[in-house]
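The letters A, B, C and D name the chains in turn, as written, and every chain counts its residues from 1.
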Amino acid sequence: MIKAGIIGSTGYAGGELARLLLQRDDVEIIWYGSKSYVGQKYASIYQNMFQISEDTCLDDNIEALADKADVIFTATPQGFLASLLNDDILSRTKVIDLSADYRIKDVAVYEEWYKMVHKTPQYIKEAVYGLPELNREAIKTARLIANPGCYPTCSILSVNPLLKEGLLEPDSIIIDAKSGTSGAGRGAKVDNLFCEVNENMKAYGVGGHRHTPEIEEQLSYGAGMPVTISFTPHLVPMNRGILVTAYGTLKKDVSEAQIREVYKKYYENEFFVRVLEEDMTTQTKWVEGSNFVDVNVKLDKRTNRVVMMGAMDNLVKGAAGQAVQNMNLLFGLPEQKGLKMIPMFP
Amino acid sequence: MIKAGIIGSTGYAGGELARLLLQRDDVEIIWYGSKSYVGQKYASIYQNMFQISEDTCLDDNIEALADKADVIFTATPQGFLASLLNDDILSRTKVIDLSADYRIKDVAVYEEWYKMVHKTPQYIKEAVYGLPELNREAIKTARLIANPGCYPTCSILSVNPLLKEGLLEPDSIIIDAKSGTSGAGRGAKVDNLFCEVNENMKAYGVGGHRHTPEIEEQLSYGAGMPVTISFTPHLVPMNRGILVTAYGTLKKDVSEAQIREVYKKYYENEFFVRVLEEDMTTQTKWVEGSNFVDVNVKLDKRTNRVVMMGAMDNLVKGAAGQAVQNMNLLFGLPEQKGLKMIPMFP
Amino acid sequence: MIKAGIIGSTGYAGGELARLLLQRDDVEIIWYGSKSYVGQKYASIYQNMFQISEDTCLDDNIEALADKADVIFTATPQGFLASLLNDDILSRTKVIDLSADYRIKDVAVYEEWYKMVHKTPQYIKEAVYGLPELNREAIKTARLIANPGCYPTCSILSVNPLLKEGLLEPDSIIIDAKSGTSGAGRGAKVDNLFCEVNENMKAYGVGGHRHTPEIEEQLSYGAGMPVTISFTPHLVPMNRGILVTAYGTLKKDVSEAQIREVYKKYYENEFFVRVLEEDMTTQTKWVEGSNFVDVNVKLDKRTNRVVMMGAMDNLVKGAAGQAVQNMNLLFGLPEQKGLKMIPMFP
Amino acid sequence: MIKAGIIGSTGYAGGELARLLLQRDDVEIIWYGSKSYVGQKYASIYQNMFQISEDTCLDDNIEALADKADVIFTATPQGFLASLLNDDILSRTKVIDLSADYRIKDVAVYEEWYKMVHKTPQYIKEAVYGLPELNREAIKTARLIANPGCYPTCSILSVNPLLKEGLLEPDSIIIDAKSGTSGAGRGAKVDNLFCEVNENMKAYGVGGHRHTPEIEEQLSYGAGMPVTISFTPHLVPMNRGILVTAYGTLKKDVSEAQIREVYKKYYENEFFVRVLEEDMTTQTKWVEGSNFVDVNVKLDKRTNRVVMMGAMDNLVKGAAGQAVQNMNLLFGLPEQKGLKMIPMFP
């Protein structure tokens, strides 16, 4: 029995994580951390778990938790884990961090985009970027996993194959992404009220969204050279789902069939990445509630550009599901364990 | 030119009121009151009015405003106007109150349901309940208008005709109402976040919603005897619209045609109440953005009950539109002035 | 391995059934019947099942299917199964019918409300109404299960306890129900287009909805006397979920605590019925994607009425999940097998 | 009194046009054409107009209509007007065509993208592309107006200023557009059902959407050279609204302030184009129900790209509102007449 603790268990990602773990018989959640709801029953915050979880929210005490837990998930604001992590914790337990604290290798880049000082940069090098499709082996032996951001997961899996194959001009990449509103978190803000989001669409963080350097870093590894991208996220009136529409200019004269082959080859052994057939459309609804990423590609000969498309559930493969996938790898379990949910439709 | 001031101009009802008044050339808004946004441009709060309103939000100073305004609209929390109103204000200006402070004639009932002490009960008697379809003549000469609640407006107009005609058992009335989320206001609360409301439906305030005594009082006038009702409001994942489904037991053996005749007779001269034809359905979308209330009725012979249905835009006829309708009456203008918007579809 | 066939597998209920069964390792779907999509890959109709189901849609040939299947699910229009069922089929396989053909014991009532002649009334008596919470033992040995309607499941489970205890006036029951749009099916109709349903709410089938006699029959068994109800369904702009708000007049002077005790007693051993605590609200989102029905109750002393509330996922407990629950019972499996999904939120 | 006829009056654009015209006292709709609903009351199709329009749908007889109407609006499928137009019609009445039949000057391009033979190419040259912000003077004296497409209107107004100023690489333009579902029309298709669109997002027509050559042609006029673009439309779960996010590479070293100045200069006299301030966001909700296009721009120095953003109501400025704007110009009326609606929020 894996003993798991969740710090930040009452945000949307934390709630999804609890939901996924509660459906397993080989994991026990021993700590529902929540600064805002200490002392309240977890099922009173997430009533979907009524009569399923009988536990009460505890304080965010990572030191106390490290004594008891085999794995700690931190679904916390940026800077939280960075301000607390130490050797003692890492020697006693595994840590899967759903925040951005250890995702970016260059601490200067982190500090510039997140506008905060990184308190424990000494652990950045050790942390493994937890995208199993790229870093499976390294994840298995890590102590500290930097669970990828939602936009980066979908963007990287959509764009990386062609970039890695050297088929795209590295500086031609534009990623226009669209996200459901759960990505904005459960904080009480006017901007996220139903009446403000419903029947509305907008771009936000144009030119400055924090997921930009994370995507660039990973794509740069793939390309083997520095990649600078345009990245624009949008807020969509739906609960879940990320849709990526990415554009890249071809370096070579290849056919759509050849491009499609690249994707098939890259993902032929990846259960969670589904390369759609030519006449299928990537739609967020077709992956909702699952750990799948659906990708597809279209060659536009008129412009010599490839349109790369990805769809994913931001709370599952984009957060909690990927964290569980990483946990499975960390503990030597089958990678798909507890993650084979078929997407819910409609 | 009517000089109008709005206190509480940055809530949803206040915003709708500003929107309606700004489209008129015989009204000038001279005061955008807003405790939360003092000093900010109104169009930065309601960007739909960018380049239309150039004004800045002012404090909620009703005394200062009374000197300048021909009419003051208060779209404020319960108790606000009651705590400030005095003879001086009423002698200088007309007041249209969108809160519940002066709607209920029995101050004890008000204080019980609203759980606060009424500071100026001496003005309750004078206040006219601003439902023009019931109180048109009294409104014309009033100084203080108690603009009806959203649920009461739709409920009363749907149920009153049959009750007044003595066709319904007074204590059989059950009103099951459904409202769009703008009715919950623009306050930043977790319960009203997009992800909490979207794809969700719930009842709230069951057995205790504050609009209950307001509906009962008005229906009692119609029935000529005390009426006690069951009233259950529900939150619906849409921005605007109230749908009322009301049930009443017939006292006499009448046909659906006779019942329909009652409605037609009651509303034949009412522009804003549309009695639908037999095969039409009351739907909130068919009245959205307009000051119309659509009503229809169905006799269920098996149960000897009548189902009375009403649909309305909660921010227009349920708040700002009705306030403008009252203003028109107060100033001797055509009642429909500035209110003939055709509902927007889809 | 249970061999299952689904006739009508491309409607929303059929799709949900396939989704639930594909996640089990003790059931094999051997027949995806679909009159409209014969010869097309099932995963091209329900792309959520891409790379999960590789099968192709077959014709609706129940005779051929009966030879191969241990159980046949019919998620078909009213009258379909009634026109085909015979002894031969029933002797070879179990049938779980998601249509209304065998739900109502009085064939005259069926024919009046469904406006069609019942072709095989001889099987009505044998059919077991598949609501496990009421008929668990009878289900286990049945050949033909009449899987309940969505509204009836939620209505009966919400209202039956108090009625059965003799606490409610049988003729006082009013059920005001609200449903997500998946209940309207996947047929291409203007009325169900996104722009017609979104930002809209309406009642439909007022006084004449076909689920009325089904609810009445089951409530009559509970009450031990004929029960006639008012039932009004409404269409809500959400995909899934049914919310029932039911009203009944008390026969005796009881407290809310006593009423709550009745529910607790009735459902204490029922995994899928969750009696909420006093301060909790029944909301459709808290049960979405699960087989749970959440119920709660409120006593309104002013009117001497009880408000009974239920929330449920119409495609799971209201259709496919309940069908699986029945299948589990039919085959001697644990009733909860494959149905312990925790509701998805948000 | 202008006598107007609408052919195709029961689609969403036709309905919006009727709604706008019915609110004017200087226009009379004398013909509600609708092939699908001949003989039915118009207000039974669009119940929002109940008691406002008493007319009945007529056949799509443009010849008969030309005798009576001062202006004919055709909100019809591609190829309809092209198959019927003749000198006789144009000599008797003005025609404002909301289809694409006369938007593209090169008939070969039209025939390639629309996959149909153009029956009356002789009128293409004469037709004026009805985007008043570009072609105001030509519109005033035209007989035949090609009312622009929804995506083109928003895209051109967002991108043209910088392109015309020579600041952008012409072949660097990528337009990623998002539209509410009313853009897909009122036809009964499974893909547009509520449950298929709600909680979902997808791209469609990738690399092949018919609005591409229309945008390219107009941008080419601005750039003074051929412009080829990438254009990807997306379907968003909302009724109304188009959001354009366009990307272009800078040719010269300019500041964001300089770029912003270009927009201000271009649109300083345009009532319907609102150049937002630096800290404002283009959001579809802020223009809903109005004829405004809100535009904004962001310089991304890291990538040397400009992100150009536009938001618009696809049924108003993207269809019916623009048609009315064109009508006003054709008849020498103030251009804003009947189009000063303030956007509805929320």
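Structure notes:
The rule is simple: a contact is a pair of C-beta atoms (placed from the backbone, for glycine too) under 8 Å apart; a residue touches a chain by one contact, two chains touch by 3 or more.
If you're wondering where the values come from, they're calculated on a predicted model, not measured in any experiment.
Comparing the residue numbers each copy contributes, chain B and chain C share more than half of them at their mutual interface.
When the C-beta contacts at A-C and at C-D are tallied, the pair with the greater total is A-C. With chains reduced to the mean position of their C-alpha atoms, the one farthest from chain C is D. Separating the centre of chain C from that of chain D, both taken as means of CA atoms, is a distance of 46 Å.
Averaged C-alpha coordinates give centres for chain B and chain C that are 38 Å from one another. Between chain A and chain C, the centres computed from C-alpha atoms are 36 Å apart.
Contact of a single residue of chain A with at least two other chains is seen at positions 12, 182, 195-196, 198-199, 237-240, 281, 283, 285, 288, 346. On chain C, the positions that touch chain B within their shared complex are 171, 174, 176, 178, 180, 195-196, 198-204, 206-207, 228-230, 232, 234, 236-241, 243, 245, 247, 281-285, 288, 298-300, 302-303, 305, 307, 309, 311, 346.
For chain A in complex with chain C, the residues that touch the partner chain are 12, 15, 19, 22-23, 44, 46-52, 182, 199, 239-240, 274, 276, 280-281, 283, 285-290, 294, 340-346. Contacts from chain C toward chain D in the complex involve residues 12, 181-182, 186, 188-190, 192-199, 237-239.
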